[in-house]
Amino acid sequence: MSNSSKRSNLRVMSAELSLLSRPDGSATLFQGDTCVMSAVYGPGEVRINKEQIDRATVEVIYKPRSGLPGCTEKSQERLIRNTCETVLLSSLHPRSSVSLTVQEMQNSGSLLACCINSMCLALLDSGMSMKCLVAAVHCVLDFEGAVFLDATDKEEKGAQACVTFVFDSVDKNVVMVHAVGKYSVEQFNKCMSVCRTASADIFHFYRETMTKKLKRS
Amino acid sequence: MVDVLLSDAEKTFIIHGIQDNLRDDGRGCEDYRHMEIETDVVSSTSGSAKVRLANTEILVGVKAELGEPSSGKPDKGRLEFFVDCSANATPEFEGRGGEDLALEISNMLTRAYDCPKCLDLGKLCVIKGQQCWVLYVDILLLECGGNLFDAASVAVKAALYNTCIPTVTVSQDEGHVDIELSDDPFDVQHLDVTSAPCIVTLSKIGHSHVVDASQKEEACCLARLMMGVTEKGTVTALKKEGSGSLDPSSVEEMMETGKRVGQALNKSLMEVLCLEEQKGKKKEKTGFLR
Amino acid sequence: MAVDIRVAGARERPKPEVSEELNNLVTPGDVITSDTGYLRGHGTYMDDDKLLASVAGVVERVNKLICVKALRTRYNGEVGDVVIGRILQVGMRRWLVETHSKLNSILMLSSVNLPGGELRRRSEEDEKMMRMYLKEGDLISAEVHSVFADGSLSLHTRSLKYGKLGQGTLVQVSPSLIKRRKTHFHNLPCGVSIILGNNGFVWIYPTAMEKTEKTGGYETDLQPVTSADREAIARLRNCVLALAHHRMLLFDTSILYTYEASQKFSAKYIPKPEVMTEIIEIARGRLEREGT
Amino acid sequence: MYSSSKPAETAKISVRAARPLEYYRKFLEKDVRPDGRELGEFRPTILNIGCISTAEGSALVKLGNTTVMCGIKAEFATPKTEEPSNGYLVPNVELSPLCSPMFRPGPPGEQAQVLSHFVNEVLNQSCCVRKEDLCIKTGKLVWVLYCDILCLDYDGNAPDACILSLLAALKSTMLPAVKYNEETEKPETDSVKTEPLHILSNPVSSTFAIFDDHLLFVDPTVQEESLATGTVTIVTNDNDLCLVQKPGGSPVTADQMNTCFERAFSRSKEVLRLIDEILHSIER
Amino acid sequence: MPTDSRRIAGPESSTNPYSFCTEKPRHDLLKNGKRQDGRKENNLRPIFLKAGVVSQARGSAYIEQNETKVICAVYGPREVVRKEDFSMKGLLTCEFKFAIFSCRERRQHQQDIEEKDYSVQLLEALEPAVCLDKFPKAQMNIYVTVLQNDGSALAAAITCASVAMADSGIEMYDLVAGCAVRVAGKNLLMDPCNQEEYKPEDETGLTNSGSVTVGLMPSLQQVSAISSKGEIEFELVKQAVAKCVDVCTQLYPVLQQALVKSVSERQNEEG
């Protein structure tokens, strides 16, 4: 197999902003063959029982490609929402709601990372005030301890551990981690440093995408 | 329960009346309202009955189907109650409104019938552990005029009495089991309901208790005692219902009444059912019209 | 103790008699007349110059006016009607009252008598005391004061004969069975009084229970009713139901005759179908003979 | 309209309720928490193993006030065709309305679902029970272990309590001896003889809360959870890591992560010692 | 059954291993006047009752009768959520649940018919004891979970819930004590354990076999709950009820002690 060699760069990314007309911001992101579409509504009206007096209520709905959402999806949803709450300056819009829909289109690995990146692009597109940007990078460890960046679904299956990091654009600190499998602290740290380096590419990609959007308008 | 609104004075009037053993429709405390019963009213069922108790009207259909016995009782048939509160009876039943009441009635009936001697379910076994008759008893509340539990139990007993189960022959060759249903409409089995229970509801109103409470009386009642009573006077189920409490001595009195009335109810019901059966096919059908 | 069960088929069913009223029976869509000279009343509509029925009922003709009176309807209130109603809700300066009409009726705080006499200003205290006067579930007798544009009724009780009802029993029948009379309050010779509300609510109560005027009638007498009165009330209640069951008009004479006819039975047997039929036949015969 | 505090509570507590954040800051300046704990200190942990005899394995864990009970019910099932010799492990966490006013009756809410998923991931990734060990007859009959974790008192840090109760319950699990009768194709259960379950590794969870974007402390109570700006959960599996989860919140540096790892490994040793002690005391 | 997407799903169906036991043990209820666990007919199991066990709840209690273990928590009074539930009286709700692992047979996550039935019975047992008219427009919620069921679960739940309610400081007219009795032939076995409980499938046509559960408000001497299963002769039902009433009265001090202890513990904590 050609991709059994250790891969240290991300798959090709492409994105399209504002594809949808109804939402306030939307983004469709491809990372390799993995594709996720996100849409942002808000800030808008909030249901009375969810109202918070000091900030906007952030709601995320994660839709799997097929079937009903189960525990796994709820877990994903919460990871995305918490990440989103961290970067949004929600205190600027008290007593309102920001709602995000993240729709999985195709999963060929690194799904969670792709979801978070597309969410970040959709927020950018909507012009919402944010503290900083975030970039999600996924990698897997194989049984020899080699790191594969931005793994495909095949690579995920045979992996020793699957790790997703989210870094902020200012200090490159860890906003979110989801790491499962069997690995040592050293391996964890190795993954973290590889992913942190790769996050720069994503931030660069965000910039490119926005430049493209500005040129067109 | 289906609630009606009453003023305090109306309640006082009813409570005092019951103390005097003279209720607002002229009855004494232990009198039932006039009850009319008809069996074999729905031809698509294995047995059916309709009971009208003043303004309370209940239709019961029994459907016998072959099914698997429950794991706890491999050599017995099954009896399953399902109550449906029609929204025609009261708009409160619309949607899921009648669910709680329906569950309460079916639970009480299940409990009252959950005794090995009430109904010989052993007769309903076809092949031990594999096939048995399942009797689905569907109870439909058509109109609510008080005392639903008693009326439902009477209707159930009548419908079971009326139930015909086709005779089955089981042939076995080389481990291959064949079940054959007789298609002769007269080659059927009947159920013996002699020791099946009727439910008697005793409503504590003021310092006395009454049987067969009307809707207005139910609105005055804080605590009821429901009893499943057989013809022999044994008790197959007991339940206190409502938000009030009872004196131990009045519990005893109520049980005494319940037993007495229950036995009489069972006796009259069986007489009526036998009478109707004797008339056989000649009898005049009234169906659903009054 | 009595348990009274029987087979439904065992009851004798009298052949339905053909009354001449039935000749005038129409159902929705029936052409009543194609003459253009008539006026369109309740229960009818015009189409292609023809007058058609919009409800099932009996055609009534008053000069040029044609109405169809439905067999069973909700109460259509008219100003001046006596009604009996049940308080559903206590609201801002008003009570919502159930009178079996299409919409809930309204009783304004300003339309009731308050303790202390006729000429009294409604103070804020009174507003707070509203639930003390009348609370949810209470029964009142009242008169229709006005009909609002949406058809809901405004009631008043500003006469001593109206107000909160005490002990007694309520029977509900179809409003079309209440005969319109000069008075709807009757003291019957058996020691029992009856109020025939135009809305089909019939209130039966012991005559002795007169209201005391000092408290404005808001304090009810909760003393036990005597056995005799109670027996009479029960009998009367069953008679009213029997009359309604046979779709006979309710008014003092019909009720009294039925009551008298029922004497040979114990009160509790009256609801039995054949007893009902027998009593009603006797009363009907007597009414026809006397031509009332 | 009604205050939720108990009638006899004193004024001191109302200050704490009114301005909780300031109240905590005052304490944390001195590196101590209002309940007297240091930042790296867990609440007293009480463990009771085998308390439910109707379950094949059970354990009750108290982490301060937080109380969690895990019961394991074993049943027979047919294996999946693609994994004919694998049994099933079905963990579920129930945050019933009994344990806190935050939870409502009805189907599991988001938090319960997330916790169930978390426990499921730990159970699968740590491989502490080999699914092949649950096979009775390949392709025909396997064990299914329903691991139900019930929260009885929710005072924060449910993940750690859940994992601990699960591990302890699994370690106490005794499965009845079963023979598969080839002729009747039916199992025969021995009502007396039982066999213990093999536990291959020991996952232990430690949760940290981030306070004011920089301070990390371990084992947050429910109030600390609500004040925290983020959490980090680390599940160790003997000498390795099994799961690291930081679901958003304040960013942390690599150094902070490493401090957490250290504490997590030391906690793991404490917890395993506790489980061993209790198991020994039962055997005796 | 519809799949529950909000929980981790197991295999489609599974069966209880003990239904395949090669020999099924049969037990006699009484041998030489003694029951299987050595008790006499009238003896109860030792009761351990503790109030104030759930820190987050307004009131709570835990009861243990040997292997029967029940926990209960009370929340409220709080605002009524649904608007149509508004009334001048407080609203009391009750949720009774068997923990999934609490019985020999695995229970389901969702409330089944038996649990719903018990919820209603428990509610009706407690309603008469709570001063609901003191809490207009408010609701109080009782949650009961049976951690392990070794018989008499409903009776234990009644006792436990009433102590939890009292622990919450919600005004009550009286406590409620619960007691169950198994009727077998002419014998009345108080506080039956799981093996002694009436199970309709085990009966071999014995008349007089059933069980009775009673809830009593001991100081008012009022019966607030009564329920029976199985076919029993009338005289025996009467005896059974009377005996339960007696035992409930005897239980009263146990309930009181548990409450006193919880109150004094709370005082010590604060003082």
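Per-chain numbering from 1; labels A, B, C, D and E assigned in written order.
Everything that follows uses one rule, which is that a residue touches a chain if its C-beta (ideal position, glycine included) is under 8 Å from a C-beta of that chain, and two chains touch if they have at least 3 such contacts.
Every value quoted in this text rests on a predicted model; they were computed, and no experiment measured them.
Q: Kindly list the shared contact partners of chain C and chain D, in label order.
A: Correct list: empty, since no chain touches both.
Q: Sort the other chains by how far their Cα centres are from that of chain B and give me the top one.
A: A
Q: Report the chain whose mean Cα position is at the greatest distance from that of chain C.
A: The chain farthest from chain C, judged by C-alpha centres, is A.
Q: What is the identifier of the chain with the smallest separation between its Cα mean and the overall Cα mean?
A: E
Q: Would you kindly tell me how far, in whole Å, the mean C-alpha position of chain C lies from that of chain B?
A: For chain B versus chain C, the centre distance works out to 35 Å.
Q: State, to the nearest whole Å, the distance from the C-alpha centre of chain D to the C-alpha centre of chain E.
A: 28
Q: How many angstrom lie between the centres of chain C and chain E, each centre taken as the mean Cα position?
A: That pair's centroid distance is 50 Å.
Q: So, what's the distance in Å between the C-alpha centres of chain B and chain A?
A: Centres of chain A and chain B (C-alpha means) sit 61 Å apart.
Q: Indicate the residues of chain C shared as contacts by at least two other chains.
A: As it turns out, chain C has no residue touching two or more other chains.
Q: Note the residues in chain D that touch 2 or more other chains, in rising order.
A: 113, 116-117, 120
Q: Find every residue in chain B that makes contact with two or more other chains and list them.
A: There are none in chain B.
Q: Using the touch rule from the top of the page, what pairs of chains touch, sorted by label?
A: The complete list of chain pairs in contact reads A-D, A-E, B-C, B-E, D-E.
Q: Which positions of chain E touch chain A when the two form their complex?
A: 5-9
Q: Using the touch definition up top, name the residues of chain A that touch chain D in the complex.
A: Touch residues, chain A against chain D: 70-72, 74-75, 77-79, 81-86, 166-168, 171, 173-185, 188-189, 192.
Q: Chain E touches which residues of chain B in the complex?
A: 70-73, 100, 103-104, 107, 111, 114-118, 222-223, 225, 230, 233-248, 251-252, 255, 259
Q: Show which residues of chain E lie in contact with chain B when the two form their complex.
A: 19, 113, 116-117, 120-121, 124, 127-129, 199-201, 203-205, 207-208, 210, 212, 216-217, 220-234, 237-238, 241-242, 245
Q: Which residues of chain C touch chain B in the complex?
A: Listed in rising order, the residues are 1-9, 11, 13, 86, 88, 136-139, 165-170, 220, 222, 224-225, 227, 230-231, 233-235, 237-238, 266-268, 270-273.
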